[in-house]
Amino acid sequence: MTQSVPLLVVEDEALLLLDVQDGLEGAGYAVLGAASGREALALMDIHLDSIRALVTDIDIGSDSITGWDLAQRAREAKPHLPVIYMTGASADQWTSRGVPHSVLLHKPFASAQLITAVSQLLNSSTDIAAGPGTE
Amino acid sequence: MTQSVPLLVVEDEALLLLDVQDGLEGAGYAVLGAASGREALALMDIHLDSIRALVTDIDIGSDSITGWDLAQRAREAKPHLPVIYMTGASADQWTSRGVPHSVLLHKPFASAQLITAVSQLLNSSTDIAAGPGTE
Amino acid sequence: MTQSVPLLVVEDEALLLLDVQDGLEGAGYAVLGAASGREALALMDIHLDSIRALVTDIDIGSDSITGWDLAQRAREAKPHLPVIYMTGASADQWTSRGVPHSVLLHKPFASAQLITAVSQLLNSSTDIAAGPGTE
Amino acid sequence: MTQSVPLLVVEDEALLLLDVQDGLEGAGYAVLGAASGREALALMDIHLDSIRALVTDIDIGSDSITGWDLAQRAREAKPHLPVIYMTGASADQWTSRGVPHSVLLHKPFASAQLITAVSQLLNSSTDIAAGPGTE
Amino acid sequence: MTQSVPLLVVEDEALLLLDVQDGLEGAGYAVLGAASGREALALMDIHLDSIRALVTDIDIGSDSITGWDLAQRAREAKPHLPVIYMTGASADQWTSRGVPHSVLLHKPFASAQLITAVSQLLNSSTDIAAGPGTE
Amino acid sequence: MTQSVPLLVVEDEALLLLDVQDGLEGAGYAVLGAASGREALALMDIHLDSIRALVTDIDIGSDSITGWDLAQRAREAKPHLPVIYMTGASADQWTSRGVPHSVLLHKPFASAQLITAVSQLLNSSTDIAAGPGTE
């Protein structure tokens, strides 16, 4: 509190991105938004150290980079980063293409579902990171 | 987000129903309210397909239909529907009369307890429904 | 709902205490604030019966009483009380000095993380207390 | 250890009852076997105090008493009793007719699945009962 | 029970495969063993319908097919199949390359760790499959 | 497998220690036994690096060192060490004196309860340790 917790949110639909951003900021998070996979990768290169969770759409516009790819890339660099996927059509692939300890939200979802998912994953990763030498 | 997630809320105390409704709508849910078991059954007949969770009082006025009955009835038709019971006096019966994977909230409870319970159950049922052929 | 759920929050930084208090009250909780371990013990003597959870800083100013001590003391009197620790520097000690079924939040954290942690612990302790003869 | 932990196992197929009994006894449990719902009720009347878990078939022969009924009856008397259902055909009804915090095993299952289910439920109910005044 | 539950176990070290097989068979499982990724894929083509869980090494000899690949392939065909990875050197990659709801066992591990992991995942997937229309 | 996983077991009743040792060794664990708190501390000084879990009685003979003390001491040196307490009389103190993510077993318990508790804690600590830089 008093200082916001930064998240990376990847979503190509501008209105949904704004909506998600509003919900998360009201909950005490600071949102770094990306409208494409390419933009997300660029932001991850610079800011991954300070980003505390990744919230990502699966099919990001006409982009060949999917949310499955972004999550895998982010976890390679930061193995305990909380990951939340948001999707309408690609939910079926989560059990084969998602990463462990992630959450998948079917669109449409309530803002409280996203806030609860992010907060729960952050709280349990805090738990993991409580030992010395972690991360 | 952008579209609300519909819930059925059953509560005979009008003020508490309003209160619960306010809290849930602020969290991104759309509330279908019922003031009696009979009314709840009627709404379930028409809207169960679109309802994403059931939030129900146990002793609903002078009604012979209890929240235990409503939850069982709803689960027969929709086996993975999230269920939240709200009660003052009947909490003792939850371990024998409640359904699996439900949450019981003792009255009085904070609005955040209800929002967290609904959101958590929805997020984990999403998880269950992620495989093809489910529901 | 309609009635607030009382929590004891222990934090010596006045601004952070206000911030936490704001967040929790917006979520339906009533906050009893203490700025030192001594003050927290005094409040526990009088109000422990009605307090539903303890939210505590670890290093409380120049106080010799730590958050670890407060939680242990509170649990001796009320064995299933939900406990949330907030800390910057002392997180490493949680796995050896924390109590079972508690949550540790690293500062800085988002208000939603605290609200989710309190709500989840309350919801699962409700579950425990659902049987007759408990507490 | 050194003393066995008593369980009630209800199953009308004699060979399966023997098989289950063998597996559980090798794991340190003492099995009280019942071949019908009627017999199970009689044993519960006398021994429920010492029984630490209920393992029950759903459709018990031509009996009108089902495993769903036995579990509900047992939980009314002993609210935190671990319950494991074993069934081939009636699994679909678990989410509407089962009790909270129970496990359903599809027949056929490996002996280790039953032993793990019983042990896990016992270990977490121990946790619940760890506070003074419980049960 | 009385009938064994079939698992696919993939491990190129013959002695370890025997060892794992012994442990699992003593627990009531029937083991279909594969010594290479190629062999595993062939067995999956024929037997995936009846296989209830996949237990796989990560670096399977000189094979270009890894355990990560096998698990992803198996989950594409059977989205809720329990997956257990066994590895010495590749554990670091689990959070980025593993599938959701899987377990990773560090070699060396005790036979009870594997049996408990398989049984727990099977018991909770049973839970998921309890609703009509699943799988 | 093929190599045993070493545990430290602390219990002053010689017969129970033997019994526990038998059960754990049959499950693939190697038991380092201690009959007093003093002996346990000496073993921890030398072997803590290789010990994968602590299984401890609470009131260890006439010793002034309790199981609560041993667990806290062990966790200070090895923050994610799985801890299982075994006790008859002191279970009430677990929620105030136990460490997070530990399991308490009430005596008498079945051997499978201990084996399941140890295995589950080891499997989930493996999960925590899967990221680089942990421990």
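First chain written, first letter: the chains are A, B, C, D, E and F, and each begins at residue 1.
The criterion applied here is as follows: a residue touches a chain if its C-beta (ideal position, glycine included) is under 8 Å from a C-beta of that chain, and two chains touch if they have at least 3 such contacts.
Predicted model, so just to flag it, every value in this text is computed and none were measured.
> Using only Cα atoms, superpose chain A on chain D and state the rotation angle in degrees, rounded to the nearest 5.
180
> Quick one: compare the interface residues of chain A with those of chain B and tell me same or different, with half as the dividing line.
Chain A and chain B contact each other through largely non-matching residue numbers.
> Averaging only over C-alpha atoms, locate the centres of chain B and chain F and give their separation in whole Å.
Each chain's C-alpha centroid was found; their separation is 42 Å.
> Can you work out the whole-Å distance between the CA centroids of chain A and chain C?
From the centre of chain A to the centre of chain C is 28 Å.
> Could you work out how far the Cα centre of chain C sits from that of chain D, in whole Å?
Whole-Å distance between the two chain centres: 37.
> Would you give the residues of chain C that are in contact with at least 2 other chains, written as numbers and ranges?
79-80, 92, 94-95, 115-116, 120, 130-132
> Over in the complex, which chain F residues touch chain E? Could you list them?
Interface residues on the chain F side: 1-5, 27-29, 115-116, 118-120, 122-123, 126-127, 129-132.
> In their complex, what parts of chain E are in touch with chain F?
Touching chain F from chain E are residues 15-16, 19-20, 23, 91-92, 94-95, 103-117, 120.
> Spell out the part of chain A that touches chain E in their complex, as residue ranges.
For this pair, the touching residues of chain A are 72, 75-76, 79-80, 92-102.
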